[in-house]
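In what follows, a structure is listed as structure tokens, so that the remarks can point back to it.
Labels A, B and C are assigned to the chains in the order they are written; within every chain, residues are numbered from 1.
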Amino acid sequence: MEFTVGQIAQVVGGTVEGDAAATVSSLAKIEEAGPGALAFLANAKYEQFLYTTAATAVIISPELPLRQSVAAALIRVADPYSAFTKLLEFYQQATRFSRRGVEEPSFIGASSTIGGGHYRGAFSYVGEGCVLGENVLIFPHAYIGDRVHIGDNTIIHAGAKIYADTAIGKRCVIKAGAVVGSDGFGFAPQTDGSYKAIPQIGQVILEDDVSIGANATVDCATMGSTLIRQGVKIDNLVQIAHNVEIGRHTVIAAQTGVSGSTKVGDYCVLAGQVGLVGHISLANRTTITAQSGVQKSTKTEGQILQGYPAIGLKENQRATAVYRRLPELERRLIALEKSQPAPEKG
Amino acid sequence: MEFTVGQIAQVVGGTVEGDAAATVSSLAKIEEAGPGALAFLANAKYEQFLYTTAATAVIISPELPLRQSVAAALIRVADPYSAFTKLLEFYQQATRFSRRGVEEPSFIGASSTIGGGHYRGAFSYVGEGCVLGENVLIFPHAYIGDRVHIGDNTIIHAGAKIYADTAIGKRCVIKAGAVVGSDGFGFAPQTDGSYKAIPQIGQVILEDDVSIGANATVDCATMGSTLIRQGVKIDNLVQIAHNVEIGRHTVIAAQTGVSGSTKVGDYCVLAGQVGLVGHISLANRTTITAQSGVQKSTKTEGQILQGYPAIGLKENQRATAVYRRLPELERRLIALEKSQPAPEKG
Amino acid sequence: MEFTVGQIAQVVGGTVEGDAAATVSSLAKIEEAGPGALAFLANAKYEQFLYTTAATAVIISPELPLRQSVAAALIRVADPYSAFTKLLEFYQQATRFSRRGVEEPSFIGASSTIGGGHYRGAFSYVGEGCVLGENVLIFPHAYIGDRVHIGDNTIIHAGAKIYADTAIGKRCVIKAGAVVGSDGFGFAPQTDGSYKAIPQIGQVILEDDVSIGANATVDCATMGSTLIRQGVKIDNLVQIAHNVEIGRHTVIAAQTGVSGSTKVGDYCVLAGQVGLVGHISLANRTTITAQSGVQKSTKTEGQILQGYPAIGLKENQRATAVYRRLPELERRLIALEKSQPAPEKG
């Protein structure tokens, strides 16, 4: 896809300074851009790159005065960041989400329905009794079990598996290889020390605007629902166990695990490789730093916790600072002990 | 699926108190149940919910005296928990494991055989020389390589990948996206600092009643076998490296990793996000708490280990308790040092 | 596959002592080998097994004197380890990588090309505009998006997903279920506390000889490239975030996570379950021990780091040793405090 600088300016409603006939075919950061690329400058911190960039064109604000000559064509527009983001979305849509219709072979149960504007890729599978909305994109090798509901404009990426009875909202993104609604890890110990699987008959509910990362796993509830509320963003390789509830607009980074029946509040941030034990609840706006392990419920909102077991960030950082000096502290303690008079009384 | 309370009572061998003609269509916990749901009460702790539940029917024991009026229909049966579990199994079977026969397109090598009562979903793949037992369920997108043996009543879920020469026992469950028998991570360092892959030609053996979690990975042995013994339950996103052996009825929670050639005993419990280094062995009935890292073999059975490196649970908990007070301890040490007379002798 | 000892000797250029007509059908370690197996002896440490092994044949060096009688046939060859490795490669090739041609149904976009000697398994998917080299093996259920380039002799295993615009070098191995080029985890916080996905339009570049583990995830760059340099070996369930760069011949063990825009040097070793925060860089030849967390850039080459936050290995080990004795140290500190004269001055 190649566009002239003039065409781009029209799309974003800007004015051109320089060669409006120059053509661009990619989008790049101003500090990395090469010939044929379109970049943007929104942050004054990066202004220096404007005078050295190899980009063919740069989107900048109308007010920015030029302190040196600029080789690139300029597109002046009121909000360069927003204009550029729009182009990114357009580019992503055109290059990665443009397929519509049905590629064969594909499979859909006779009792399932799907709205207009959809894509069902080759080798995609949709079971029976599914209700899929408008503009739903189902990539190749995606598996959608029976009685799954999917809202409008949701994207199911390649090889994602959505198990029976899952309900997915609008504008959700389920990335490649994610498994949603697989059986929870529930086993009843037997008297001989073996385990018997407890049938898992519940479901997963993903509300609107939820994103599930590549190869992440969200187990169905034993009974009832594992519930991922509106706007939650879950990164790759995250594990969400059965009967968990994640509050609205919470963000969970890669490789974190949330154990069964735990409830995470709204607007929380769980960094990477965090672990939460089961049957606890985290207050709203809690942040857990990377690799920490949370063992207890919290009630105060807005805390930042760290460590294993996780305690207040500052408290943990102070303890960690001393930790490095432990060998020295021990030596000083021993020195003190030796300097004491021998206990001769008695 | 809708049943009358009377029909349910017949199935579980119970007697009805109340409206035997009322209909139920779902199973739920007594504290969460709504109209149309069937619940059960086995634990006296939950008796209060009997008088407030919105469930249409509740399974209870014959002896339980009613202290208040109950709106729900009651089904009296000797062991309410067992009766309910049977219904759960029936429900799960009917809603999630009822498919039989072959959906097309699917692929099976001409030299492979499969027993009666099977399901081969659309886009499932079975290679050459496989021997698959009775009632084996193979969900869509499952991949089964050459010369794989699978015992009766085993379920291979959507998109699971079973590599060549794997042997799987009876009643196993391989969940969605799990990879069993992929090449181990074996590389020979070269003199120039690069690495050369060591061909991995071994296999994986899963004995009977093994469960492998969604997106978990179990690598094949370099030579010989990676061995998962009877009744082992492995959760989602667990990594089992090449030549590992996991003893009978051991349970491994999500995101734990077991490094190459390590041997875990029988009846062990590895909690979530645990790591075991390679070439060690854990005694039977060892428990490792969440996020711990084990660096050494253990010989004493029944230990509970925690921390990194993992030590006895109590010992680690005591150290952790002091850890939080390290800054205070350091201050007290400094105060003691300052209170000493200056060392003037000498 | 069955071969006589004489045939094997011809293949590896060795001479036979004993029964050249005996047949072998498997390869095994000398200490584990049974009848019908071929083993090797390269390390004097294992010589004892030569006299007790049940192997049908053993490859040994020409010089090795026999101190006892040996039941197995012997194949004498200059470099037994190399000879055995060649047989392993041959065996692996013959049993696991022998398929060529196209299994149906499979899918390939009309504008894509693929070189000779390839395998495209049933249910494999190749999008539009792809350029695939010679001897590329694409296993069943593999997904290859649009405009992907793949070099000669690369293997894409079952169910691996390669997203649009990814460039893969020669002799790479992408294991089962790996996801390469999925959208990075980039979200712009909105004023109401919700998040908006930042379109990810970049790509992933894997140079030659890269190995990506089963169910590992490598995200595409927001713009530009996530770059995995030559010879990098990545284990199962590893997470590589957007815009990361991994230097040549670096090895990353299972379940490790590298956060966005971080740069790892050449010849580094990241052990299992390690975490690296975003936007840092590690010097060449850095080793990070298992479960450690790195929060800061390093500039000195060749360091070994451990702990959370990771510090020098020795320093951390010394602190860890004292950590276990913390309760005792605290008691001794208290004893010292009690032994002091009451502060009565003033």
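Keep in mind that, in the parts below, a contact is a pair of C-beta atoms (placed from the backbone, for glycine too) under 8 Å apart; a residue touches a chain by one contact, two chains touch by 3 or more.
Just so it is clear, the model here is predicted, and its values are computed rather than measured.
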| item | value |
| --- | --- |
| Chain copies touching (chain A, chain B) - same or different residues, decided at half shared | different |
| Relative orientation of copies chain B and chain C, as a Cα rotation angle in degrees, nearest 5 | 120 |
| Gap in Å, rounded to a whole number, between the CA centres of chain B and chain A | 25 |
| Touching two or more other chains - residue numbers and ranges from chain A | 105, 123, 141, 159, 177, 215, 237, 255, 273, 291, 323, 325-326, 329, 333, 336 |
| Contacting residues of chain B [partner chain A, same complex] | 27-29, 32, 85, 88-89, 91-92, 95-96, 103, 105, 121-123, 139-141, 157-159, 173, 175-177, 209, 211, 213-215, 231, 233, 235-237, 249, 251, 253-255, 267, 272-273, 290-291, 320, 323-327, 329-330, 333, 336-337, 340, 343 |
| Touching residues on chain C, where the partner in the complex is chain A | 105, 107, 123, 125, 141, 143, 145-146, 159, 161, 163-165, 177, 179, 182-183, 185, 187, 193-195, 197-201, 215, 217, 219, 223-224, 237, 239, 241, 255, 257, 259, 273, 275, 277, 291, 293, 308-309, 311, 315, 318-319, 321-323, 325-326, 329, 332-333, 336, 339 |
